[in-house]
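Both complexes shown next keep subunit A, but they swap its partner, so subunit B is in the first and subunit C is in the second.
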Partner chain A sequence: MDSATESEHIEKLIKEAESLKIKLEDERQKLNDITLASVADRLETITCINVKPRRVLKGHQAKVLCSDWSPDKRHIVSSSQDGKMIIWDAFTTNKEHALTMPTIWVMACAYAPSGTLVACGGLDNKVTVYPLSQEDDVSTRKKTVATHTSYMSCCVFPNSDQQILTGSGDSTCALWDVESGQLLQSFLGHSSDVMSIDLAPSETGNTFVSGSCDKMVLIWDMRTGQCVQSFEGHQSDVNSVKFHPGGDAVATGSDDATCRLFDLRADREIAVYAKESIIFGANAVDLSVSGRLLFAGYNDYTVNIWDTLKCQRVAFLYGHENRVSCLRVSPDGTALSTGSWDSTLRVWA
Partner chain B sequence: MVRTENYRLTQLLLEFLEAPAYWACGGDWSDGMGLEPHGVRMEGLVREMQDPENGVPVRSQKQFLTSIPSAFMGECHRYLRCGVNVSGHHGQDTTVGCLHVAGYDLIEWLMERLSIEESVEAVHIANQLCQYGYFFPVNDSKTLTVRDDSSLYRFQVPYLSYYMFQNRTPCYWPWQHRIPDNVEYAIYLAKRTLRNKQRHALEEYEIEALQSLRRNLQNKWDIIQLQAEEQVRLAKERKKGDKIVSDSQERAFWRVYRPPPGCLSSLEVAPVPTRFRPGLSRPPSRKRTLTDLQREVALLRNSLTRTRIKVSSAIENLKSYFDTYVEYDPMFVQPQPSNPWVTEDQTFWQLNSPLLVFQTVEVPTEKRVKRWALSMEELMSDPTGLQEFTNYLRKEYSHENIRFWLAVKDLRHSFQAQIPDKVNEIFKEFLAPGAPCEINIDGKTMEKVHQEMKNPNRFTFDCAAEHVYTLLLKKDCYPRFIRSDQYRNILAAGVQPLQKKWYDSTNFILYLFPYHFFFLNV
Partner chain C sequence: MQESIICVKYYTKILLSSTVMDMVTTNLQQQRQITEQLRREAALRRITVSKAVEDIMKYITEHEQEDYLLVGFSSQKSNPFRERSYCTIF
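This part shows the complex of A and B:
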């Protein structure tokens, strides 16, 4: 195809996409029968959220960029700008391993479901896995699994130690075989850096969600590599995405200083969590076990707790002395961990 | 001759240094200039603060010097802002930011403007603005914090006005300026060494910085030195008041951009190519190719035919999910006997450890067993639940289904190299004619499996597994298990750990009435 016909073709497709978007919006609007606010009036207000700081994990020499809970509900892996990855027993605040990475800005780390393996990566564009053991020096057993063409921003083990799903600045997501490093599936569709991914909670559903600097939130079929659903609404980079524990909705946090809730079955945004006094972007979001509370870590050093159903902020947590870069509810919902550019991690309960 | 040369070098350096930002946008505020989104919002807010009519009440330096009684501070005694020539008329005589705002005026203004209820939040926002260098404490050049009292703050020069351009005064708002480079920092430090030792002496870390800059910028050092001298000369021509103000602004600016050791700068950004950073416009997104667009159009077409539910039912779903799970959400209902993070007692974790050897040493809690009845997914995701379910089916001689389902799940998550072998094993054990654990699936599904077997992969048995899962396990085995005596016995035996007394007084009410607060309206 010569370039003239190709650009014509592109022109045509852009027009078609635009008209389809309008039609789609019409379709979605038809079923937009009620607002969350009107339903929320019937709900009890949450009054006694009593989350307090319980632990402070000190040991990183620079900004904490990412963290993840171990399935054992008490260990945490964290990665930092100083090129270190630390395995903590958060309950006792002891450091169990400290690993030096070949790169600074280790932007992503994750615990495998077995709790015996961690993965991390960042500006080196790579995903490296480390089997954890008490006997050997952990770093001698490291293994580079995958390489992207730009930085790796997020990674997660999809209910298995044998595979790893990654998101990257090269605007793709990819599923890799841990043992062979083989690319099992790539996920193309974002037009800018992928910042965050999360798996659907149901093990039978082979889907995951991704958020990107193209402001889009996409739902993917892991088996076919196809994007199956897309959500627009954010006005800036989507920094964090998280499935509602019920699996039918996705919570997001963005640089536009809002968090949002998109419902998969209603196929649209159903809530915006914003406040005039919140002017900084949200870096990380997570939900409580019942899905009622949305925790969001912001660039203004705070964590805001939202009532997802009443669209109200119910509390805010001060403590960090710089941006909150990562935030996770522990697997059993008993605690919340936050990591910050102030180089500490905190556990709240 | 030296004079001309000096002038020419200065001009050259100026061209090299001046941020084109302001001129590029035609001197207009409104252009985003690639501001980080919160940068846009902060600047909007600070501009409103400086509004002569509705902004934060400002006070002149004279007032500050004669220590104003606090009653007077609270009063809205406004002066026309003469700080910066906001209207943008070039050449108008302006005095640089000679006015101050008081801490509590700032806080009050923020609370009203942003409808903030608790002053702690307003103090926090004020501190953020201060950290980003929009204003700074007058009496404290070391720390950038705002207090809710009568302490005074000075606004930073927002952008290059004509006046300032003539006087080579840089602009100090973070996002109107690209990140200043080492040459600028070197000039600033060199300039201070040329001035009054008492007032302008360098801090220890600044002396070190100057020394290392001198080494690294050796070839530029002549220009730097000349520029510093030129700036000192220009400064001497200014009125004393203006000089004090611009000195403090310059100092505060560098306090933000070159913080003392141990202080993190708010302006630091991730070194990631496409993210926002101060003063730089963002590189455009990757150009979309034909395939990108084809993919997008295909997705949109598919989306049009999607079946949707009403927003009201979506919300209802979320609400009923909450109603079901609230008692398992430790943020709402205290776990039994207690939350380990709060009480240091790990019993809760012991009782909920994944695999309990039921009826031998440990017994699951009643609450945990109840959860198995919520859905089959809940049962299957608890290893102890799965174990009990499998035992039950074994007794019924129908556990081939769950074994098959687990084998398929394992296959999906296996190493790539093991896939062909595992596919064969599963086929031999569960699907081949006369297989030892033959599962019962319909002909159509069997047909599909045979098709897929030609090209074995991790999803070969997905259709068969789904059939088994929904038809046999979910609709048949699972309900029978939940109704069975075995399940009832486990439930009856389930322990109910006593809620321990715990001494976190603020949580006391929750401990007394754990359900009271949340089930009022359920």
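This part shows the complex of A and C:
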């Protein structure tokens, strides 16, 4: 094909893309018959959130960057800028393992579903898996599974210990086989750093969501590697994404100081959680087990608790002395863990 | 003088046309991907926001009682992270 016909071809594609965009917006708008807050108007207001600070986990020497709950609802893994990964007993606040990583800025860590493996990685561009045991030195049994061409920002085990899904500064996500370290599928579609990923809450689910510095939220099919849906709306980096426990919506937190809710079946944004007084970016979001509460950790050291239906802030948690960088509701929904640049983790319940 | 300007212009044009060619080829691939993605998304079946909201509210209502961070514990004893009461023996 010579350059003239190629240009014509491109022009045709651009024209088609433009008309598809208009069509998409029209279709979405047609079905936008009501606002979430107006439906929720008749619900009772949440008056009293009895969540208190219960534990402070001290031991990291620098910023806490990521954390995850063990499926036993008791242990927490955390990773830090100091190059350490720590396994905590959150009941007693004891450190059960402290592992030194080959890199500083360990930006991601995750528990495997069995609770016997943890994975972590960061500026080393790798994800390393550690089998946990009381007997021998955990670090002697470590295994490098995945390598990206830029930093690894997030990782999660999709429903089994055998595979791991990663997100990276190289703007891709990837699925790896833990045993062989083989790349099973890559997910190309973002045009900037992937910051966060989350799996759809079904055991047979093959869907996950990713948030990126390109301001986009993408929904992926893990089997085909294809992007099936995309959500625009945020004005800045999307730092955190989390599926609603019902599985039909995703909550997001962004540097634009808002959190949002996107519905997969309505194929659009259905709520914005913002206040004039909140001007700092949201780094981490999670939902309570029913999905009624949205917890969001901000750069102004606070955790805001939003009523997802009425779109109002119902409470805020103050305790950290620096940015709240990560935040997770425990698997049974009894507690919330938060990690901060103040080098501590806190448990609220 | 005139000749050298023409020469430079010609040289630039050659340079440009080869890079333009490369750009066109990558642009074509990129644009094809963008358009194909939009075609897929345009073919999605959608529901009304009112129906989506109804289902979200239904899920919340069905699970509200297990949501301890929302409704609290019926007794603080069942909170695994409650402050422990210590017995002091004198």
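Structure notes:
The criterion applied here is as follows: the second predicted complex is superposed on the first by the 332 of 349 C-alpha atoms of A that agree within 3 Å, B and C clash if a C-alpha of one lies under 4 Å from a C-alpha of the other, contacts with A are read in each partner's own complex, and residues count from 1 in each chain.
As a working rule, a contact is a pair of C-beta atoms (placed from the backbone, for glycine too) under 8 Å apart; a residue touches a chain by one contact, two chains touch by 3 or more.
Keep in mind the model is a prediction, meaning the values are calculated, not measured.
In this overlay on subunit A, subunit B clashes with subunit C.
In the superposition on chain A, A:Pro131 makes contact with neither subunit B nor subunit C.
Look at A:Pro331: by the touch rule set out above, it reaches neither subunit B nor subunit C. Residue contacts after overlaying the shared chain place A:Gly59 against neither subunit B nor subunit C. When the two complexes are overlaid on their common chain A, residue A:Ser3 makes contact with subunit C while staying clear of subunit B. When the shared chain is aligned, subunit B and subunit C each come close enough to touch A:Ala349.
Within the superposed three-chain model, A:Gly115 lies out of touch with both subunit B and subunit C [touch as defined at top]. Using the contact criterion defined above for the overlaid structures, shared-chain residue A:Ser230 touches subunit B and also reaches subunit C.
Shared-chain residue A:Asp177: touches subunit B; no touch with subunit C. Of the two partner chains, neither subunit B nor subunit C is touched by A:Gly319. Listed for subunit B are the stretches 9-17, 171-179, 243-251 or 297-305, of which 297-305 clashes with subunit C, judged after superposition on chain A. Within subunit A, the residues touching subunit B in one complex and subunit C in the other are 6, 9-10, 13-14, 16-17, 20-21, 23-24, 27-28, 31-36, 39, 43, 46, 48-51, 54-55, 73-74, 91, 189, 227-230, 244-246, 248-249, 263, 265-268, 270, 288-293, 308-309, 332-335, 347, 349. Interface residues of subunit A, counted against subunit C in their complex, comprise 3, 6-7, 9-10, 13-14, 16-17, 20-21, 23-24, 27-28, 31-36, 39-40, 43, 46, 48-51, 54-55, 73-74, 90-91, 189, 226-230, 244-246, 248-249, 263, 265-268, 270, 288-293, 308-309, 329, 332-336, 347, 349.
Looking at the complex, you find that subunit C touches subunit A at residues 17, 20-21, 24-25, 27-28, 31-32, 34-35, 37-42, 44, 46-57, 59-60, 62-64, 66-70, 72-73, 79-83.
Those residues of subunit A lying in contact with subunit B across their complex are 6, 9-10, 13-14, 16-17, 20-21, 23-24, 27-28, 31-36, 39, 42-44, 46-52, 54-55, 63, 73-74, 91, 105, 107, 123, 150-151, 153, 158-163, 169, 171, 177-180, 182, 184, 188-189, 191-193, 202-204, 213-214, 223, 227-230, 235-237, 244-246, 248-249, 255-257, 263, 265-268, 270, 276-277, 279-281, 288-293, 299-302, 308-309, 316, 318, 321-322, 332-335, 341-342, 347, 349. Subunit B meets subunit A in the complex at residues 36-38, 41-42, 45, 110, 113-116, 120-122, 124-125, 128, 264, 266, 268, 270-276, 285-286, 288, 290, 292-297, 299-304, 306, 308-319, 321-322, 324-326, 328-332, 335, 339-342, 346, 348-349, 352, 377, 380-381, 409, 412-417, 459, 462, 466, 469, 504, 506-507, 509-510, 517-518, 520-522.
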